[in-house]
Structures are given as C-alpha cells and as structure tokens.
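Next up: some structures, all given as structure tokens.
Shared between the two complexes below is subunit A, which pairs with subunit B and subunit C, respectively.
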Partner chain A sequence: MSFYLAIIGTKDNAVYDLEFGTYRQGGDGTSKFSADMKQLCPFIVHSSLDIVEEMQWNTNVMHLKVIDKFYNYLISAYMTAGNMKFLLLHETRADDVIRQFFVDLYDLYVKTLMSPFYAVDQTITSPVFDQRVKMLAKKYL
Partner chain B sequence: MARTPRQVGEEVWKTRIEKVNAELVTLTYGSVVAQLCKDFGNDYIQVNEQLDKMGYNIGIRLIEDFLARANTSRCRTFKDTAEIISKVGFKIFLNITPTVGNWTPDNKQFSLIFDENPLADFVELPDDGKAVNELWYSNVLCGVLRGALEMVQTQVEAQFVSDVLRGHETTEMRVTLIRILEDEMPVGDD
Partner chain C sequence: MAAIPTSLSEPSVADSEYTGLDRSRILSHPKSTTPSPSPAPSLSLSFSSFLTGHSAVSSGGPLSPSNAVSPSHLSAVASLIAQSFTPRVSIFASNDANEFARDKGFASVLDLFRPFGDVVAGSVVVRDTQGISTTLDNFGIRFTSSAVFPSTPSSHQQASPKSRKEPAAPCFDLQDLDALLDIYLGKDMRYFSTDLAAPPAALHDDLYYRFLQRLLASPPVSPHESFAHPVAGIIAISSRNPQPIETLSSLYKAGNDALVPPYMSKDYLRYYVLIHDEDHSDLDRSIALFERMKRHFGFHCHMVRMRSVKADLSSSEPILLLPQSQWISAAEEIAFLKSLPEKHERYIFDSDVQNMRAFVHELVVKSLIPFMERCVSTWNDQIAASRRGLTGRFFSASRRFLGSNNRGLGSGTGQSATSGNYDPITGSYGFMTAESQMRKLADYAFMLRDWKLAHSTYDLLRKDFLNDKAWKYHAGSHEMAAASLILSGTPLSSKTRADTLEPLLDSATYSYISRCSQPTYALRTILISSELLRSRGGGAADDAARWLMKAISEKLMGNLAHALIIERVSACYSIRNGVGSQGWGNRRRKAAFWQLVAAKEWVGLDKKQHARLCLDEAGENVYDALDWTDEPGQLLFELRHSTESMVYDSNVM
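Then we have the complex of A and B:
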C-alpha cells in the first residue's frame, strides 16, 4: 500500500511532497509504485486541484475526504485555514485515519510557518520536517 | 521578606509586572531578525552587530525600569551582579532564569546557560550554509546586558559561544567584566 503526499501552496505551487508506503502488516515504509506510477503521481495529484477548489466552498470543515479517483487510486484532500492544500494519493479508503494524519500534518506545518525565516509558499526543505512527516506516516498509515 | 535573588525575582514577576503574549514577542523579534537579514543581504556578521547595537539601546533604558521594579540593593561583587541578572533581570523581562556557571578563577568572567529561549521558539535558521555558522540569533540579549550594565558603572563584553539553533547542545552566553567605570570629573578650570 503506497501513498503520495503533496502540499500545494496558495499559488498552486508545490511546497512539499513525499512518497511512502504503509508500515502496517509488515510493510517497510517504501512505496510500491511502479516506475510509471511514480512519474504520474504528481500529475494526478495536481489535476485534482480544480476539484479541491470547487469543493472547498461546499463545506465548512477542513477535511474534504476523497475528492477524486484515478483508476484504482483515491485522492483525499485537506484544506487549511491559510489556503494550503494537503493532498494524499492512496489506494484504500481510510477517512478517519487520514483525517488524523492531516490534522497532525497541519500542526507540523504551522510550526514550520512560525519560523521567521520561512515565507508562505516557500518550499519546505528542512530535513527535520521530513523526518517528522515520516514519523506521522508511520503512526497513522 | 524577600531576600535571595530568586525570591525577589519571583515576587516581582508575580506582583509588579504586566504580562504580554509570549508568541507576540517571539514573532516580533523573529520578523526583526528576518528583516535585518534581508536588508543586509544575508551578511550575518553585520546583522549580529546591528542586533547588538539595538540591544545596547534597549539596555540603557531597560536598566531604569529594572531598578524601579526590583529595587535591589547595590551589588557588592561581580558574582552578586551575575546572580541578580539571571534570577531577577531575566525573570522579570523574559520569565526565564538562565544558570550562572563557568566562573574563571579571577571571578571576572561567567557564562549564562539558557535552557529555554523564548525569543527563538520554533525558529529554524535558513539553509544557506552561512547562517548556521555566522548568525547569533539572540544577539540582542548581549547588547541589552552591555547597555544596562554600562549604566551602572560596569563595563562588560557579552557574546554567545553556543546556540541550539546552530546545532550545539546548549545556548551559552559568555560575560566578561572589562572594568568598573569611575565617574570622571570633566576637564576644566577649577
């Protein structure tokens, strides 16, 4: 079971992305996407951005759950108060778990935003952030 | 009857200080440092100097506020000064009490070891390889100490020697007594 996480900024720019696999049932955390799939992931995720922007006005909660499908892959979205979009490409439905993952990710994101040297929409290159996201992935997915 | 510096600090903190939101202070100081870095084109040595100058200007004014609130008696030795700075001074203004340590045998140099630094909460230094070796993020504190002590006839030099933001284990500031300033009579006709 593999996942692709992307954080998209307010100007539809890429801020952060991460490919990982599940740690459940003996998974080792590496994604099992085929080579083609690896290339396609960013495209699929970005193509669902239009849907996110449409759906954000229909609801007043941040978690938009599954918003798009691509063959057998689902895309879940979470829209933050500052218009940042967290998108997760995954294979099986797990709304509740994914929501918790997104909420914790939002917490991490806000902490990154608190640093005076980080500007909104800047890409996140900090290895500490990377490590913490991986720990979250391990915890929830 | 408050007597030890620690008790004086606690008492003044509880009764005579108006509190402000800590995140406001952190974010304000953060934007000052970030803007300085932008304005000086990431010349972190210059930024350090500017922070020190700003701190100096704050310190020469802060000392009056401090003496008015804390009302401590005159320090007899430099060791007393160090204790008052860490237990009363920092307590009143930042609600932290850095530890005093690493005294030199002649008692003219000591270290302040900060186990928490509210100015640097959530801060990550920029990734450009230079900042992490050149920027002392909390350098304003050195200027504050220098300015404040100069107003009470004590000339010191203060600088950071380690900082957790730079990857070190502790944040440590070294304070050195240069000399006690004597009031000098102006040169003139008697």
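Then we have the complex of A and C:
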C-alpha cells in the first residue's frame, strides 16, 4: 500500500510532496511504487486538478473524497479555505481515515502559514513539518 | 492542345504520396491539374471534392454543418464511422470485361470501379419507413470482388469436429495495422504529410483518422453481422463480347450457384452493366444490345461508355490522375506504399470519369437505395412490427417458456436452443430465420442512416441472442445498438449514459473478449463508441476517455496502435473546453498528462519525432507554465532530453 501526498498551491505550483507507504500490517513506511509510477505521480495528481476545480463548486465541504482514478489508483482531494489543494494518491478506499488525515494536515498547514517568514504558495521546506506529516501518516494510514 | 501536365517538371509533387489526404492538395493545386485550360480547373476541383468528401480533415476542423443525417454534432472522425458502414456491391465480370480493364491499365474491372464508389456524386435522398426523406451526405458504396465468401459450406460439413473450433477471421489484422503505422511514422513521415501550417492537433487527428479508416475498412464476411454481405451484385460485360446475353446469363447463374455459407442470402440486387468500348465498338450496336439487355433482365441495367485506349501523359484529351480508393485494407496499403511510385500513377480520361460518376450515381440513386428501402420496409412490416407489439412479446415469452419445458421433458438431450434457429455448430442462424432477417433489417437501416429504426431493431435482437446463447450475435447487436444510440442524436445525459450505454458497451466487450475470443471486434466496439461519444462533448467525452483507457489496459492492440490510442485519450480530453471565462469543467491538464504518457510510449517505440510533437503540445498547453516540471529527474525533462538527441527536421513536420 503506497501513497503519494501533494500539496498544490493556487497557481498549480507544488508546495509540498511526500511519498510513503503504509505502516500497518507490517509495512515499513516506504512506498512500493514502480519506477514508472514514481515518475508519473506528480503528473497524475496534477492532472486530477481539473476534476477538483470542477467539483469544488458543487459542494461546500472541504473533503472531496475520491475524485479521480488512474487505472487502479485512486485520488482523494481536500480543498482548503485558502484554495490550497491536498491530493492523495492511494490504492484502496478509506474515506474516513483519509479525511481525518487531511484535517490534521490542514491543522499543520495553518500553523505553517502563521509563520511570518512563510508566504502563501511558497514551498514548505521545514524538516519539522516533514517529520510531523510522517507521524500523521503513521497514525492514520 | 498539347496536354502535358506540368507536374512532371516538379519532382516534389511527383514523388509525394498519392494517399488520401494528399490527394486534395495534388488535385486542387493549380500547377498539377491537367493541362487543358478551360475545363481543367473546374473538373479537377469537382473530381477532388467528389472523391475526397473529407477534404475538411486536413484543416483540422469538424465537417461543416450540413443536412440532417450528417448532423453538425458529428466531427470528421465520427462521420467517418457512419461512412464506413456502407453497402457492399460485388462485381462479377466477364473475361472480356476484365481484359478491357487491363487494356486501360487496371488490374481488373474491380480495380477500375473501386475509387468511384467512395463518394457518390450528386445528392442522395433516402426515404425512411415513415416516408420522411432525408438527404445523405457523403454516401458511398464499396465495390468488392465476388470472391469474398469464406470457405464454402461443403468444407464445413466435411470438417472434423476438431477443426470446427478454429477461430473465425478477426475483424482486422493487428500486425498489418501496426506495420502501417510504422510506415506512417517512419523517419521523415513522408507517406503522411498534411498541410504544413496546420496545428499539431490536426496532425494527430489525421493520423488517427487514417488508422481508424484502415481498421474499419474491410471486416470479413461473418455470420453475426451482414455489413460485409453484398447488397447488390454487378454483372459486367464489355461490348467486345461475342455472346453478350449468354455471358450475362451464365454469370448470373454462376453467381446464383456459388456456394455461400448458410447464413448468407443470395437475395441481392442484380445489376447488369455493359461497358461500351468507345474506341473499338460500334455505338449503335451497343445501344441495340443494351435495349435487349433491358428487355431481358429488367430495369436494373446501365451502359457505361469508356475509352479503351490507355490514358497516359501523351494523350491529347484531358486526363486525370486516378487515386486509390480510400477504403483499402491495411495490407493493401502497405503493398501500395512499398511498391514503386511509377505504378501509382494511373491516368484516366475525363470523359470516363464523368461517365463513371454518372453510372455510380444512377446505380445508387435509382436502383440500390430503392432496393434497400423496399427491403427495409418489407422486413419491418413482416417481422419486426409483429415482434414489437404486445402479441410479439407474448410470442417470444411463450417460446422461451415452452423451450425450457422441452428441456425439462427431454432431459439428457442437452438442447439449449430455445428458438431452434441457432445452429451452435456453425455458430450461425440460417439466412431465412427471423433473427437473421431482423439483423439484416437493422444493418440496412444503419447503412441508410436511419439510426432510430436501427437502434430499436438491435434492441429487440439483444434478448433473442441472449436466450439462444448466440454470443457473437449477442455481442454484435450490443455493439451496434450502442453506436446507433449515440448517432441517433438523442440527448445523452449522464443518467442515460450510465443506465443504457454503459451496459451495452460492457456486454459487447465482455462477450467479444471472453465468450467469443474476438478481441479485435471488442477493440472496434470501443473505438467506434469512444469516437462517437467524444464528438458529443461534455461528460460523454470523459466516458470516451474512460473506455479508451479500458482498451489500453486490456492491451487489445499492437504496440504502435497502443501508443496511438493513448494519444487519443488526450484528444478526448482536449475537446472539453469548459464554460465561462475560466473554462470551468475543462480538462486541459488531463489532456496534457495523457500527451505525456503517450510521448513516453513513443520514445519507448523509438518514434522520437512523434514523441517530440506530443511533448511540445503538452508543454505548450500546460507544463511550460509550471516551474517544477522542467527540473532534471522529472519525466518531462528526461523525455525532452531524449528526443532532442535526434536530428529534428522541422521542415518535414
């Protein structure tokens, strides 16, 4: 079970991305994507932005659940109030768990935003952020 | 008037390809038209327009909105599909007729007639069962040889049970198509040049158009669909024949006695043609003979006046270059492209062209279409209408009930055919059975572009075939039901698509792949439906992309075709431009993404030039505006790097 998380900004720019695997059932947290998939991942989630932008006006909740498929991979999306998109590429459906993950991630993101040295749409390079996201992944996925 | 076309002096024109899309350029280009000043320009232009009904393809736009049956919502590629299902006309030619054709420089009468069948000049009007007339655009017929029948029934009967399991002929040859694509995408793409100024989207469209055309060009004679069965048969003699009436009769008898499989009916329209040799035969004698023919054989006769002298560049009369027919199979095109260019140039006199066009027009408008209309209305009244009514439903329900009763009583016989009409051994229905005739009814209606009637008939047939477990028929009826539904122009909301179209396509592909082991037909189903869905735009284009992705994941085709279809997914998405100034609902990123995936495939197949084209398009539309795509290590960057290493001649593109 592998995951690819991307936070995409308002101008389609990549703010943060992370590849990881599941920690459950003896998984060690590394993603098991093939080399081809690894290269394609950013492009796959980028292409599903089209659907995000279409769906966002249909609902008023932030969690958009599964919006797209690529062969047997699913893409879930979460839209923040500031038009940031959290996209997760995963293999099996787990709407509730992913929603909780996204909500906590949103929390982290807002804390990042509060820093005066961080502007909107900048990439997030902080290792602390990275570590916290990995902990969230371990907790939920 | 000396009549040497100046094209000889221009090597660039002479060795450019005489393939479909280039024809309109050759023939409409002023320098390469035939020489005699006044009649030439108008004639050659009308010739090109009569031959290439889709000259709009090279400009990349959809066909101009025209009359009802070629509705404006059909793009050029989608109307190609409507044109590919045309009536087949077999040719039975006498020996002297074939010799006449050989004197003119053609291989046979079939070779001579073939290019003229592509598009019928003049307007073609069809009346449907309700009496409403519609004008058909780009109606054509397909001339075929009389030897299209598969192996005769006698060999079937003698075949041992082992050999009856041999697979039926595939719809098209995957390897041939791949080989053809290889040639098209070869080093400098010289067999496939279009307007240099056209946008890249037009180039992709053209390539796919040709691919689809080759794929649909010649389905084999098969029991489950009657498109390849001849609707009419032309019996041709020339005026040189010493015993004309006897020859015609014996040809007719030969046609009648020919061994055809039990599912094919010999009830087609017979049409008698007398080819009058203008140079050697006496016109009065021929006219007298023609009158005798009409008295003997009835109304369906025609006399074509043709020169028998071989036309070439030294002739003094106006001549034209006769192009290949559009609808040749992939294998034929490969042979054509590989042969010497001298063999490509076949000239024919202007007067011959006029006469042939008139002949085809008369054949179609005065004989063929009325014949088809009569067949449709007869079959409709006799068979379909009775089935559609309430009594019809009781009839089929009771038949099923009694059939299952029989099974119960005669336990151990293992009889599963409920209607008794289906023959599981040959996998076909006899041509006299109601199911077979209804299928013909639906096919004829489809060929005459009466989509609603076709759809309702295919719908009726679906359940019958399911009960009889006639899987190939089952799949075929689902396939055509889906196609006719989309073509009929009924609005396709997402609900209709999900409830009606999806199950149809699902059953069709599942039946073809799993139950009949005919993946080529499944591929045809998917390609046809996705093209038609794409031309509907909106949510249907998304469905189209999804079906193409399904075809890709099932790997139903060869490698080059695989990459081409990935590219087509991108085209399905790029047609969605969304509404409003922000383009809400557009699919630009998806289109660019699939171009990227396609480029990756092309690079893997060593078609770097084409890959470069895809990458440029993806970059131009979406990826160049982003900064994270061009970093080393990213796929886009690496693909660009690998395609730059070859010499890229932008002049050729």
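Just so we're on the same page, the second predicted complex is superposed on the first by the 141 of 141 C-alpha atoms of A that agree within 3 Å, B and C clash if a C-alpha of one lies under 4 Å from a C-alpha of the other, contacts with A are read in each partner's own complex, and residues count from 1 in each chain.
Simple rule for what comes next: a residue touches a chain if its C-beta (ideal position, glycine included) is under 8 Å from a C-beta of that chain, and two chains touch if they have at least 3 such contacts.
Note that this is a predicted model, so its numbers are computed, not measured.
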Simultaneous placement of subunit C and subunit B on subunit A, clash or fit: fit
Which of subunit B and subunit C A:Glu54 touches, first, second, both or neither: second
First, second, both or neither for A:Leu40, with subunit B first and subunit C second: second
Subunit C, subunit A and subunit B - angle at the middle CA centre, rounded to the nearest 10 degrees: 150
Which superposed partner A:Ser115 touches (first subunit B, second subunit C, both, neither): first
First, second, both or neither for A:Tyr71, with subunit B first and subunit C second: second
Contacts of A:Val128 with subunit B and subunit C, given as first, second, both or neither: first
Of subunit C and subunit B, partner touching more subunit A residues: C
Smallest distance from any CA atom of subunit C to any CA atom of subunit B, in Å, after fitting: 20
On subunit A, positions contacted by subunit B and by subunit C: none
Residues on subunit C engaged by subunit A in the complex (per definition of touch): 549, 553, 584-590, 592-594, 596-597, 625-628, 634-636, 638
Subunit C partner contacts - residues on subunit A that touch it in the complex: 12-14, 39-40, 42-44, 46-50, 53-54, 57, 71
Residues on subunit B engaged by subunit A in the complex (per definition of touch): 26-27, 30-31, 33-34, 37, 121-127, 131
Touching residues (chain side subunit A, partner subunit B) in the complex: 111-112, 114-118, 125-126, 128
